[in-house]
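So, here come the structures, one by one.
Here subunit A shows up in two complexes: once beside subunit B, once beside subunit C.
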Partner chain A sequence: MALVSADTRIAELLTELHQLIKQTQEERSRSEHNLLNIQKTHERMQTENKTSPYYRTKLRGLYTTAKADAEAECSILRHALDKIAEIKSLLEERRIAARMAGVYNDSDPPRKTMRRGVLMTLLQQSAMTLPLWIGKPGESPPPLCGAIPASSDYVAKQGDKVAARVKAVDGDEQWILAEVVSYSHSTNKYEVDDIDEEGKERHTLSRRRIIPLPQWKANPETDPEALFSKDQLVLALYPQTTCFYRALIHTPPPRPQDDYSVLFEDTSYADGYSPPLNVAQRYVVACKENKKK
Partner chain B sequence: MSELKDCPPLKYYDFKPVEHVKVCPRYTAVLGRSEDDGIGIEELDTLQLELETLLSSASRRLRALEEQRQILTDWQDKKGDKRFLKLSKDADLSASSRHPKPKKQKLEGKAGHGPGPGPGRPKSKNLQPKVQEYEFSEDPQDIPRNPKNDAPNRFWASVEPYCADITNEEIRVLEELLKPPEDEGEYYKIPALGKHYSQRWAQEDLLEEQREGARANDKKKSLLGPLSEIDAKDVDALLKKSEAQHEPPEDGCPFGPLTQRLLQALVEENIISPMEDSPIPDIPVKDDGVGTSPRSQGKPFSVPHTRSLEARIKEELVSHGLLDSEERQGAGGDSEDEVLAELQKRQAELKALSAHNRARKQELLRLAREEMRKQELRQRVRVADNEVMEAFRRIMAARQKKRTPTKKEKDQAWKALKERESILKLLDG
Partner chain C sequence: MAEQPRLQQGPPGAAGSGSGSSDPARPGLSQQQWASQKKAQVRAFPRAKKLEKLGVFSACKANDACKCNGWKNPHPPTATRMELQQQTASLSEACRSCGHALAEHVSHLENVSEDEINRLLGMVVDVENLFMSVHKEEDTDTKQVYFYLFKLLRKCILQMGRPVVEGPLGSPPFEKPNIEQGVLNFVQYKFSHLAPKERQTMYELSKMFLLCLNYWKLETPSQFRQRAQKEDGSAYKVDYTRWLCYCHVPQSNDSLPRYETCQVFGRSLLKSIFTVTRRQLLEKFRVEKDKLPPEKRTLILTHFPKFLSMLEEEIYGENSPIWDADFTMPASEGGQLGPQSVLSPVTVSGSPLRKGPSVDPATSEPIAGEKRKLPEALTLEDAKRIRVMGDIPMELVNEVMMTITDPAAMLGPETSLLSANAARDETARLEERRGIIEFHVIGNSLSQKSNQKILMWLVGLQNVFSHQLPRMPKEYITRLVFDPKHKTLALIKDGRVIGGICFRMFPTQGFTEIVFCAVTSNEQVKGYGTHLMNHLKEYHIKHNILYFLTYADEYAIGYFKKQGFTKDIKVPKTRYLGYIKDYEGATLMECELNPRIPYTELSHIIKRQKEIIKKLIERKQSQIRKVYPGLTCFKEGVRQIPVESIPGIRETGWKPSAKEKNKELKDPDLLYNILKNLLAQIKVRANTFMSRSDSTRLLLKKSEAPDYYEIIRFPIDLKTMTERLKNRYYVTKKLFIADLQRVITNCREYNPPDSEYCRCASTLEKFFYFKLKESGLIDK
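Moving on, here comes the complex of A and B:
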């Protein structure tokens, strides 16, 4: 019953989204004219080599209009993105519900083990579609945007992806990619699932051993301070694995959809670091502990 | 001032909107659909990315517009207020550093706000170095880092001592080395000749035997009462005799290591000086006539060793001081000579080696001093070089200002050149 209502809700949202997108384009076409005007005025001012009071006043008027247009455009786009986020969270809820059902009901197997390649693709995709945080002017990025850590009392929600420090069978400690199952406020401990279902392990870990992954990508074009900077020590998901290893930032992403380029600590290379490898913003977190394993 | 008035620090940003047809295909596709077709869930991810691109571009435009509008407003309100103008310019700098312009150009494939001629000139001057700065900051990031590689440093550090200038300290160390060591005389001494080892060992053996004998006597004393009355002198004499008697059989079956060593030494002595053979046989027969009875038993037993036996007896006699053998000394002299010869040979070797070393050290010192002198000259060459460069710069400066260099400048230049020339000649010579 709940699932059906979720379905109809999603369908509604999709329609709204469609409308919003159409509105966006209307807004954009409307402002396009004004922007063209600005460009022309710029050109004329530059060729005339001086700024007469007429142009100044004209330009100011044009700028003000363009600004209002841009604000409107931004607002609609934000609205559209919110819709997408809402749809996604509904889908996520459904996924968790389905999984819980799978856990409690072992007789029918809805959750079959994923092939490794499929898992990797999924992880890549989830990194790609991590929403980009675009603040209004003067707004600073929130916690869990890019390199900005969660506040100290933050509690990861069910289904959130985290980096979890677990003890392997051989006694080694490893940071793995995991998904939060639950959090107990009385014991301050998380229950997490290894994302790699081959392990099929559930770990109970103190919150010190959990690092929530970023929930927004930071935009290098507007909020470069929310990105890790070059040479910073981080934990990064090693490509084609589900484990985090210590690495140095080689290059921060130049564009919103780009990845970090990082150098993993790797003793098999002469200088102690791997060649630069790409890791998505979503899978790069601050490295808390400084002591070596 | 008038120029400033006419040139508000505008950047003439390129506000061209994103070409969604090119950059956002999914968005464009969705636009073309009717309400009924709608959007599929699977399209959400792509759509999200495209909308983010649009939003990012729009909010960037929003910020830039706000900034430019502010500049226009401020400039209009406070025309001529240079201080404020400067402030707003600074604000521009910090604001624009957040918007990497070259990227924008790349994205939209169009060179906007190029440094064109006109009212924006002062601004474009500002802009130019900024763009370069951006490119510089990007370049080093492309070079692969190897943070732990200090091999070049280590290499240069290891090479450094071979190329560094010679210091007075090093000269002093060399001079110190040239002084003959205090203990040199020690190695050229020839110590006085000591007692021959065979004699010394014999003595030691004797003492040992005496002690043994005394102990045996003590036992005997308790067993045989009358014997205890024999005085010490007699005991000694007896012991000497018994020694002489008991030793030969030991040849067949060796007892203690000392006796064996003595035996070996005696055999060797015999081999070295076979000449002793002839005079010896007679003596023991005469001398030891009384005590020969046990030895006559041993004699057939050690028949093949007659010679050694005789030599042993002779040695025994010598150790007892009964035989004053000239021959023995002669033989001993030979062996001592060998040691002496070896000693002298080694000393000669040492002398040659230290002479060679001294010559080398002297040569090194000479070279070092020579190098010091050259170093000094080179230092002066450097100073002279600087002077020449200084003169050159002055003349070039004069030339740039389109005036002929003054006589003083010319003279200075010539002087510097000549001085340098002369030092170089000294250095070569």
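Moving on, here comes the complex of A and C:
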């Protein structure tokens, strides 16, 4: 039942989103008209070569309208973004529900494991569709936007992706990409699942072994301070794997949709670092330990 | 006409014409237009003016002693606009050099027809143009040719002859098969398995490529020598000169007979120019992509790069069949022969064609194309009908094909993004089509200097291999990658090597050894490995080697299994022993190739077939529309019923296969008795030698050995089989034989191969297969 209602809700949301997009276009055409007026007024003023009070009042009016238009458009766009976020969270809820059902239902035949390539594509898509944080003027980016860490008392929700430090079979410690199953407030421990279906394992880990992944991308054009800077030590997901490794930032993303370029610590290269590789904002987190292994 | 010669490549006209032609596949023929305008202008002159113009190129005939070869105006024109401002010279005007009147120079033209005069005037315009070209041209080789043509045309005007380029150049066609034939063969060879629509796309691409080539400006011999140092510069120079005389200059100079580049040249010219031309073409399309009409844009941007890469392989590949004079598709592809037979007569015509400025690819295409489409569709359908006789009607299949290829029927990006069951190599295939990745077979050579790019790629391969295969000594990798007998299929992305398969072909032994195979770590699990191996398979099919052998280490076995390799080696040991590099602790694996499979497209084809089947089932279901209650007989204890007795199954069109009917024994009691008899004999036989070797337990009963169940996953013994038989478990002979075989396999798996147990198992195996045959349960 719950699944069905989620479906209808998503369909509703999509319809609303569709309408919002149409509205945006209307809003935009309107403001364009006004902007054109502003431009024309400026041109006319130029030819007359003086600023008469008439023009001053006219311009003030025009600019006020333009600002109002822009704000209206902006609010519709934000509204649309909220809809998208809502759709995404519904999908996420459904996914978690389906997963739980899968876990507790032993009578079903074992689920077919995903092909690794598919998992990698999913991870890339999840990085690509991570929402970009768009603040209001003067607002500073919140925790979990780009490089800004979560607050110390933050508890990751069920289904959130995290970097988790686990003991591998050979006893080595390793940072893996994992998904939160639950958090116990009494023991302060997380239960997480390895994202990799091949090594399907559940780990119980203390808080300090968990680093939540960013939930927004930071925009380099407006919030560069929310990005890691060149030469900063980070943990980054090695391309086409599900493990985080220590790396130095080579270049931060130049544009919102771009990736970091990082140099992984890799002793098999003469200088100890891999050539620059691209890693999405979603999969780069701060590295706490600064001592070299 | 400030057309920059040869610095900025591109179809002529794109550089400086005012035609505004935006489609690079449609050259604006500016120089040509200009020349013909000029000619029209000159031909409209009054006769006196014409004579004056011709006089300039006509020898003085006043007396034998006069050696003057052209009348020179005593009042030299000022630089500007001579035709318009100058007065026509009178026939009595004296020549500035010999002093004889103009009339003396043009006396031979008195009784000549207007047509001939006009023809000569055309040559005069062309000579004047050539004269300009000679002056403007900076490249020495080109200048020389222009000058030669200039002299040739002058002589022709003087003698009222027709220009013929003579000398060591030979006459067209210079090579057979010509480029056009080769490229069309290529389309036939590579794409005939595609659906008609896609094949048509490829055909259009090939046409476009040929057209571009016909109007492409070749690089000068000196540029060529600079770029391709190892190749033969003198051969290229000859080709270049031929091209100037027969193809390029005649484009704007219709006094000379004109030939199409793709009609008169063959593989050798294409070899010399392909790499550069390809780069320039793609660059040009990239730059001008916004000007392309949208329907062409996808065609060019997504399919063209891949098309060119595939063509490149055929151009440079040693044994490419597309250049055979008698190229035909293999007989097995009989269904695709239709277009071939229709195409060939069109393409072999070697006569100079399509003169004048009216050449427009878009309009000239359908003349040949339309003729072709109809018979192609017909022959294809005919052939298909023969191949799948008695099956689903072709119209239905076509209809279904239309629905699954209809882009509008797709459900948006979501499905393609989350294609959890997409084929492993789907992404790689798409990337190759878009030109994101490229595949090249490369190798080092000691006899000729390898070009810089190849050497860089080999170094790149060596790095990838040594990084990904840390247990191989780097020196060893280097030695093999650079060994001229080894070749490597390189995977290139953004100009850099990201993976490859190093292999050594043993044509005399009929197999190829896979030596190294790796993809750089950050590009893994993208299907590149699979696509690499598929390309390697196709490469080998072309070279008639149908077996791969490789020693796979423990990490590689999984990969090779996915690529169709098995541990079951069919190549006789004598053929590979001493040839292949043997590695300790590695497993020898083999892959047999089927020359009829287009490997790089295989998963795509299968996906299509599945879709078709699914659609056909859906159709059938909607036609039948009858629901039967489920079967209950199994709950009541019935073990098996004949398939045909299931209600409704016959209505679906299912028929019991004739083969199965005869083979399977209908009477369950009869089967039971036969099997009972057989098992008894086997048990007796087993007991005789088992008691001797004191190993009864292993074969007859599950062993009490503690680790037995860890090693043996499916325990079975003769006693259990006896019980199963009693319980009527063996309703088919298949089940019985499978269990019997399992007894033997388990024994072999658990015991060392040279043990007494295994020897017994082998004896027993022989015995029961003999008995099975004897009782008619299996074929002899």
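In the analysis below, the second predicted complex is superposed on the first by the 259 of 293 C-alpha atoms of A that agree within 3 Å, B and C clash if a C-alpha of one lies under 4 Å from a C-alpha of the other, contacts with A are read in each partner's own complex, and residues count from 1 in each chain.
In this text, a contact is a pair of C-beta atoms (placed from the backbone, for glycine too) under 8 Å apart; a residue touches a chain by one contact, two chains touch by 3 or more.
From a predicted model like this one, the values you see are computed outputs, not experimental measurements.
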Once the structures are superposed on A, label A:R115 by its partner contacts, choosing first (subunit B), second (subunit C), both or neither. second
Which partner does A:T222 reach: the first (subunit B), the second (subunit C), both, or neither? first
Touch check for A:L277: first (subunit B), second (subunit C), both, or neither? second
On the A-aligned overlay, A:S268 touches which partner chain: subunit B = first, subunit C = second, or both, or neither? second
Considering only the touch criterion stated at the top, classify A:Q125 as touching first (subunit B), second (subunit C), both, or neither. both
Which holds for A:I38: it touches subunit B only (first), subunit C only (second), both, or neither? first
Thinking of the overlay built on chain A, is A:P239 touched by subunit B (first), by subunit C (second), by both, or by neither? second
Looking at A:L205, would you say it contacts subunit B, subunit C, both, or neither? Reply first, second, both or neither. neither
Of the two partners subunit B and subunit C, more of subunit A gets touched by chain B
Where subunit B and subunit C land on the same part of subunit A: residues 125
Across the complex, what residues on subunit C touch subunit A? 417-420, 422, 424, 427, 467, 470, 521-527
For subunit A, which residues count as touching subunit C in their complex? 114-118, 120-122, 125, 238-241, 268, 277
Contact residues on subunit B for subunit A in the complex? 6-8, 10, 12, 14-17, 20, 27, 30-31, 33, 35, 38-41, 44-45, 47-49, 51-56, 58-63, 65-66, 68-69, 72-73, 75-76, 98-100, 103, 116-120, 141, 144-149
Using the touch rule from the top, collect the residues of subunit A that touch subunit B in their complex. 10-11, 14-15, 17-19, 21-22, 24-25, 28, 31-32, 35, 38-39, 42, 45-51, 56, 59-60, 63-64, 66-67, 70-71, 73-74, 77-78, 80-81, 84, 87-88, 91, 125, 128-129, 131-132, 134-137, 219-222, 224, 230-231, 248, 250-251, 254-257, 263, 270-273, 275-276
